[in-house]
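I am attaching a structure below and will ask some questions about it afterwards.
Letters A, B and C mark the chains in the order given here, with residues in each chain numbered from 1 onward.
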Amino acid sequence: MKQTGFRRTSAAFALSAVLALVAACGTSSSDEGGDEAADPADAAAPLDPETEVTLTIDCMPPAAEKAELKEWNEDVEAFNKKYPNVTIEGKQTDPCLEPPRFTAMLKAKSQPDAFYTYFTDLQQVLDNDGAADISAYVNDETVPALKDIDPQVLDVLREDGKLYGLPTSNYTMGLLINRKLFEQAGLDPDSPPTSWDEVRTAAKAISGLGDGVSGFGEYSAGNNGGWHFTAAMYGLGGDIVSDDTTKAAFNDETGLEYVENLHAMRWEDDSMGKTQLLKWGDLQKQMASGKLGMFLAAPDDITYMVQQLGGDYADYGMGPMPGGQATLFGGNDYLIKKGSSHDQIKAAIAWLNFKFLTPGTGQFDWARTKADGLPVGLPQPDFWTGESKRKDDELRAEHSTMPVENFRPFRENPVPGRAEPPKAQEIYKVLDTVMSGVLTNEDADPAELLDTAEDQVNQVLANQ
Amino acid sequence: MSRPAAPSAGRPAGHRRPRRGEFARALRRNLTAHGFLIGAVLCFSLFSWYPMVREFILAFQKNEDGETVWAGWSNISYIFNDPAFWDAWRNTFLFTGLALLLGFAVPFAVAIVLNEFRHGRAYLRILVYLPVMLPPVASVLLFKYFYDPGHGLFNRVLEAFGLPAQDWLQSSDTAMLSVVIAATWMNMGAATLIYLAALQGIPGELYEAAELDGAGLFRKIWHVTIPQTRLILSLMLLMQIIATMQVFVEPFLLTGGAGPENSTLTVVQLIYQYAFTFNNYGSAAALGVVLMLVLAVFSAVYVRLDRGSED
Amino acid sequence: MAESQRTLISPAALARPRGKVLYWTAFALVMLVFTLVFIGPLYWMVTSGLKTTQEFAQTPPTLVPGEVQPDNYSEAWNVLDLARLLLNTCVYAFGALAFQLVFDVAAAYSLSKLRPVLGKVILGAMLATLMIPATVLVVPQYLTVLDVPLVDRNLINSPWVIWLPSVTNAFNIFLLKRFFDSIPRELMDAAAMDGASPMRTLRSIVLPMSRPILGVVSIFAVVAVWKDFLWPMLTLPDPSKQTLNVGIYSLAASVPENQLIAALAIASIPTLVIFLVFQRNIMHGLTAGSLKG
């Protein structure tokens, strides 16, 4: 017994040693970046075509998006003709970015070499020390169309004068309308409402169609409500925080006017439907199933409704942001992981340039987009200026697959873009309660809601 | 229950006579025993005990430009200054109260009724337990559709009975109740079956004796059923409080977390928001510490009451 | 606890004609209401998954799909990649089961029969974790798996992040320990006399006697992983590694409602089947574990 006893004991210990082994099987938490860009002198030069390097990159289209995936693969092949030794290792992520997943990725430093972010994410990435400064690598040689990229868009990707990423798309918000319902309600779909009074009148007419149709829809949950409140305030020329970002600035005439208008549409006119607490995705579903007349959106919501939800391009149109003073802009970009090697950074820039930043190729190869049955003609992305804009507009018009006329009111009344306020998510959380309050509680007092929200946003801004 | 269960077998070493080499034997026996334990102990250390300690540490740390630094009381003051803090506590207590009212009373009543039937018991038990086995995403999203004030099922049913339609999740007055109803439907199965088993342990003579005293139905429940199941009832009460305090999925999926005018924002939702929306782990941990302390008070009160009632 | 057990209402009262009528009325009513309340939603789910988008959005809703569209199910299967999500979830659930069967059974056995020094303290510390809701610890746990101490590993996106924490299931250890406690001491002593090592005693005496409780613990282990939401949402961010619950949730916005509901129906099948097959064991385990408290 003695001997077996001991042997069994050690067996039990061995068993537990499995734990240690197990741990060894996880991924290492230290990154294998290797040689950090040690040679800035050479940074400005474009990627040597002979370079042998592997580049991981996320937001590769998922299998469900067949055409987009085919284009991605074609582009990789074309890219490899010029750079035969660069391996582009795409990661399919769908959706490309989800905040909790994104946060986890940054904390774990498990982002790929080139990673997809929203314009608003840069601060969070830098807080986690996650992005490489690529200022020295980006110039007219590595990105020939650089001078034609809207400076406002590039500025979003700068911090303290250093450039951290390259844009792939951008948008400004406007008023998305259901043309079919407009016609049915006897409204003119070619001139969408441009003020909130007109929105209210149109919404009333559309909800009058009955059969569960609402005229206008708005978010009020998941911070989406606050986001759209901000967009609407910009449209009216209002502001969310003061210029020195120390105080809330939305509790004024403009804010009150907007919230009262929502209250009237929801409760007096009953033109916003009974179901509230909606988040991104809900209004799109309502409109795609023909139950919603209007909502605030970016142009790519239309693609989403057509491709994922079975809508039809001909049914949708867009007008400028009601009020027309300014509009929230946003977009997507790729940043490059801090610690990536010299060659990885160069390869990433070469790939991003080829795929996303060259009129006529990659995502701007509108002839191919059309041939693959994907939409051409949406006013997004929209970051070109000068010569590139002229060229791109021409190509888009030539290959357009949809009645671009429907977006004329949106395109011809460009509204200046504005970025999101600081501490956006925390402020949106507070503003969500204004939206859910006015949309779910008939007795809610708009002035009181704004007073409370103002106090709370002041607290958020002071709370550090 | 918070105490380790009393061992039912005799003490191991008690009836053994001391021998030579007793120390070596005891050492070996202990080595073997700990060898069997070590896997679980390691897992508990890494994924339960260490995180508990770390929660307290995190509550006093913050992130500055990628570096972790001591934050003093700033996380604590952050959460107490957050306007949503008191909302979240009010909602959590409201939720717990409602969940106890419904989630505690309904399964007990159902168990009493089911226990009286001589037919179809297996079927009814399966029915009650069925929702427990559904993936929560499925049950919660189902309820979301049912609650829809427009084409949702519930308002149709009310209409059919000539009752006024409700706003359900859409009003701050009823949102929390709606969340609790969904949670009760999803989770009542386990409690019901446990009560059912407890009811079956009540000796029939007690009812007979009560009948001889002329007791009616409700007096029998009050004087026999409840006292006889008191132990299990009080245990379940504590378990329910702990379970409801940590409810996450239901409000997260039903109302997007906060709900109309923050009316379904619970403490756990707020922790999630701090950590994963605002990227503020320190404040999330600070709020977690506060919640842990509150639960510890509950447990202590329970143990005190439980002891007192046993005397 | 035989069928004829005496309960709240006296048999004499039930035998009277009025009692019989009342009994059967109540019985019929309960059967009807319970069936509606508990099967109704499932019926709604399966049939709504068969409707067209238009019919689904229609007010008032239809009871029986007018135009049956089984394609929703195959679309949902493809678009949400349910096969992969199912496979992932199975790997996580059965891996967790294996870890719990090895580590938790060993621990419960040690605590019940080998009684090491500090055993009670360890058991107490394990049971104490039952008093702290899992979601409260989610932040430090999450930060821990990002960089596990001692071994310096990041478990995010690897199955270990589900398997290892699943071992910390104090309730299952408690169930096992109680069961092992009920195995007579004499049996163990006899085995020890014959020179059997603790491992051998566990294998040849304890485990064979513990089949019922092992069954119960196994089912709880699998179902717990199957139902978990917040933890896998945070720790398995890679869509190709997600669980059924999380995968469906994150793609919910990008599919039409009828397909989403079809996906929910498909996702519900595995656990329902497990339940219907093992319902006796589950109900037994549920009550066995928590009765005498």
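Keep this in mind: a residue touches a chain if its C-beta (ideal position, glycine included) is under 8 Å from a C-beta of that chain, and two chains touch if they have at least 3 such contacts.
All values reported here derive from a predicted model rather than from experimental measurement.
Here the chain-to-chain distance from chain B to chain C, counted in touching steps, is 1. Chain centres were defined as the mean of their Cα atoms; on that basis the chain farthest from chain B turns out to be A. Centre-to-centre, using mean CA coordinates, chain B is 15 Å away from chain C. Per-chain Cα centroids separate chain A from chain C by 38 Å. Centre-to-centre, using mean CA coordinates, chain A is 38 Å away from chain B.
Multi-chain contact residues of chain B (touching two or more other chains): 32, 35-36, 39, 43, 150-151, 276. For chain A, residues that reach two or more other chains under the stated contact definition are 5, 8, 11-12, 15, 19, 100, 212, 279. Of all residues in chain C, those that touch two or more other chains are 57-59, 102, 106, 142-143, 148, 150, 164, 198, 234, 252. Listed in rising order, the residues of chain B touching chain A in the complex are 28, 31-32, 35-36, 38-39, 42-43, 63, 65-66, 74, 78, 81-84, 148-151, 167, 169-172, 255-262, 273, 276-279. Interface residues of chain A facing chain C in the complex, by the touch rule stated above, are 1, 4-5, 7-8, 11-12, 15, 19-20, 22-30, 62-64, 91-95, 98, 100-102, 104-105, 107-108, 110, 211-212, 279-282, 284-285, 288-291, 304, 308-310.
Those residues of chain A that touch chain B in the complex are listed here as 2, 5-6, 8-13, 15-16, 18-19, 99-100, 103, 124, 126-129, 212, 220-223, 273-277, 279, 425-426, 429-430, 432-433, 436-437, 439-441, 444, 452, 455-456, 459, 463-464. Listed in rising order, the residues of chain C touching chain B in the complex are 1, 3, 5-10, 26-27, 30-31, 34-35, 37-39, 41-42, 44-45, 48, 57-61, 102-104, 106-107, 109-111, 114-117, 119-120, 122-145, 148-150, 164-165, 167-168, 173-174, 177-178, 181-182, 184-185, 198, 223, 226-227, 229-230, 234, 244-246, 248-249, 252, 260-261, 264-265, 267-268, 271-272, 274-276, 279, 282-283, 286-287, 290-291, 293.
On the side of chain C, the complex with chain A involves touching residues 53-54, 57-59, 78-79, 81, 102, 106, 142-143, 146-148, 150-158, 160-161, 163-164, 192, 195-200, 233-235, 237-240, 250-257.
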